[in-house]
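In what comes next, chain A is part of two complexes: it sits with chain B in the first one and with chain C in the second one.
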Partner chain A sequence: MNSSFINTEFLIDTFFVALSGVPIALLVTAVALAIALPIGFFLALSRINEIPVLNGFTKVYVSFVRGTPLIIQIFVLYSILPLILAGIFERYEIDFPIYEVNPLWYAFVIFSFNTAAILVEVFRSALKTVNAGQLEAAYSVGLTTSQAYRRIIIPQMLVSTMPNLCTATINLIKATSLGYAISLQEITLKAKVAANVGYNYLEAYIDIFIVYLILCITVEYLFKVFEKRLSRYKAVATA
Partner chain B sequence: MLEIRNVHKSFGNNEILKGVNLTVDKGDVVVILGPSGSGKTTLLRCINFLERADQGTATFDDMTVDLHKANKKEVLAVRKKSAFVFQNYNLFNNKTALENVAEGLIIGRKIPKEEAYKISREALDKVGLSNKYDSYPSQLSGGQQQRVGIARAVALNPDVILFDEPTSALDPELVGEVLEVMKEIAREGTTMIVVTHEMGFAKDVAKKVIFMDGGNIVEEGTPHDIFVTPKEERTRKFLRRVLPGEYDYEI
Partner chain C sequence: MEKYFDINYLWTALPQLLPFLWITLFVAALAVIFGSLLGLILAVFKLSKNKFLRFLANSYITVMRCTPSIVLLFLVYYGIPAFADHFLGIYLQDVHTGVFVVITFSLQFAAMMAEVIRSAYLAVDKGQYEAAVSVGLTPFQAYRRIIFPQAIVFALPNFGNGLIAVLQEGALAYTIGFIDIVGKANLIIANNYNTHALEIYIALAVFYWVFSIAIAKFFGKLEKVFSKGQSSLKTS
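For the complex of A and B:
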């Protein structure tokens, strides 16, 4: 037994255990973003253009997600989804072992569901920063709405999206740590399991801290580089 | 060449246009004057479908469209025959001057890139910006931005260019360069409808001057008709307000 305050050897070993959870954390982040980005964008458009039904639905959805703790959303979806699916499968006599599904799939659903709501607000505020005149000018030179969005509105919107999107992404990466609650094999769970053996929780937590810190700083840096590239047209001061 | 018939437009309970008719012949410069809120800008915006009229038609040569019910295809067709110069320039902020001009040619009209850039360079040369091809709007002065805006409209070679108060947002010392460019393209025979408060431009360049008030055309005629021998009391009142000195002198 190591008698010092911190078990250095365990600290180092567990760091690599925690590190081995990074791919899962990043996979969940990437999939959630890939699903949530288009959904968030279109729901933001429906809010801004006040599309009936969709607008109201989006308001409720966003309020619900923002107004409830993520951990509770995870528990609720994790309990309700299998029940609903089991019911459907039973009804159509599909033989599927719903209770043996890899929690990774639940993580995809839960984090997409949560992130899309966050991104609605991110995109909504970003869309509002693009002057309505830009769309009118695009129309006046003969562009269709989708051409105007693709070529004029979205490129400009992205610049002001970046800081908030970066925050949302970092929050998402950190939120995947809650995946341990549904036995997702990610950073936190792996380090905690390692700590269970010898009660080295402090070391494990320090490792978890460091891994997330490295991840998030890297992501932050990448976003900064990308933001700089996107805002080239703004970078130069008026002559 | 362009005939606008019976255009009505309300915003809520506020009736902005009360059945406006307007005929523009090829090569004409038509200047629309009138106090703010008289519907000048709304009329222009309705012609380009930036606003949906409640009623009315527009006829370009042989094509007539319903300004209220036009479908997407008709809207695009009208926008191909017209171009718009905005009060606030509305240049695409994420594109250079050259790209701003070329955008409508390449995407809207499907003109091959090489050719589109050639046309765009010529248009920018015409407005005196041959050294600003690669500048972004944020690097240009207001007057330069508006000249790019005019080049963007000219490059499309439309039947008619609609100018919505093109100098109203400019610093006074920059107004001249924009008016100069507008005069130049007018001399070349471009058909233009211009909403403006520049009385000098109206007097010098307009073929026809239209005075609007309260959603109606009150009076129209040559610059001489409107500025020297206005028939309507409302026109006279307006002119007295905007050209106090000159009006007294003319009387």
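For the complex of A and C:
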């Protein structure tokens, strides 16, 4: 068919096309994390303290998210959300073009929904590593619950959270590659569209592959640096 | 006017969908078998004293960890035939897409398993091997009879998680035109002019959910069975 194995010119051009999708991928990752972190933390607390309704709900929610493929979650949410919203808007007679919403908003909702459940488990296992006596000690010196958590529990918890949080972040960045299903203009879709013209799919996917590799190795490195700083605090605290 | 959401529709769609469940499970099973074998080799590399082999295994695992499944899937799907065609002169365009699906998820599962096998091996006390050799077992016998049965207990929970992961990642196989349960679901939806998509997707979610819970429960039980033997060994 073609004389050379790889179209180098296309490979280099498309690399920058793929790179131009990085801001969207990182934006979705950052927003999803920002929404999922507090939700995940409070649901983890409700699991640990066995708060009646919330505990059961969280159990089912986490089990569903961990038990089903992300792409299926995207399919379900992407078809159910417009239906629900359309129903609400119709009821209150709000004129809103529900089918012209930027897919970015759906991406925020879907990836937050997914990540929050993952983080529940991350925080739950991290909270368990903190000795129960720590909370009692904090109470006994007169701290309120929120003070005890903010000053005593959370700082200790953070150290053991970091590796799992890093994995969750990496998985989230990788997961944004599924944004194609809701036509989100991120790394994968952008490069794929560029490849559609001349059927240079192999080159496009090599570019996408390299971009994710750079992205993930960078994030992993940043987490490692941050973890080192945190554990230094831990060493000071225990000394 | 037709209802948007009609759960009764599932009774007509499920009989079409169910036969393809086996394809999904079959592909996952093949990926687990080949992936475990490759993972074992990688674990041996990672544990070896040779710096180059360790570097090779570590880079492979890092690359796999950083690559989204869908990207790996397409790289394999487009890359292997192009490579074979250009460098080896072998024509692979007619190979069944299922083969590429199995290759992709074996590669991915191997990276997961390498870590699982390595940590399970390291969890077994070194003295066990020395003790086995000192009573006259050959190294191979020591591994087979002493190290392996103990390591398997440590590996079981992570192996179960890996199994669930590979089953779920397999849901992406439809993107290269493989007709498993997700592929068939999308075909049914397309045949119905995109109506009743939600019902079908919910059915898919339930399938995966049930299987994930079943696998988790099964490995939980299995772990109990295996670790029972271990605790009795300790007390005796």
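Before moving on, here are some points about what is shown:
Here, the second predicted complex is superposed on the first by the 230 of 239 C-alpha atoms of A that agree within 3 Å, B and C clash if a C-alpha of one lies under 4 Å from a C-alpha of the other, contacts with A are read in each partner's own complex, and residues count from 1 in each chain.
Simple rule for what comes next: a residue touches a chain if its C-beta (ideal position, glycine included) is under 8 Å from a C-beta of that chain, and two chains touch if they have at least 3 such contacts.
Keep in mind that this is a model prediction, so the values were computed, not measured.
Of the two partners chain B and chain C, it is C that touches the larger number of chain A residues.
By the touch criterion defined above, A:Ser177 reaches chain C but does not reach chain B. Contact with chain B, but none with chain C, is seen for A:Glu136 once the two complexes are overlaid on the shared chain.
When the two structures are aligned on the shared chain, A:Gln147 is found in touch with chain B, with no touch to chain C. Of the two partner chains placed by superposition, only chain C is touched by A:Leu213; chain B is not.
Once both structures are placed on chain A, no chain A residue is touched by chain B and, in the other complex, by chain C. Residue ranges of chain B in contact with chain A, taken from their complex: 48-50, 72, 76, 79-80, 82-84, 86, 88, 90-96, 103-104, 107-109, 135-136, 138-141, 152, 156. Residues of chain C touching chain A in their complex: 4-5, 62-63, 65-72, 74-75, 78-79, 82-83, 85-87, 164, 168-172, 182, 197-198, 201-202, 204-205, 208-209, 212-213. On chain A, the positions that touch chain C within their shared complex are 1, 5, 63-64, 66-73, 75-76, 79-80, 83, 170, 174-175, 177-178, 180, 188, 201-202, 205-206, 208-209, 212-213, 215-217. Residue ranges on chain A touching chain B, taken from their complex, read 131, 133-134, 136-144, 147, 151-152, 155-156, 233-234, 236-239.
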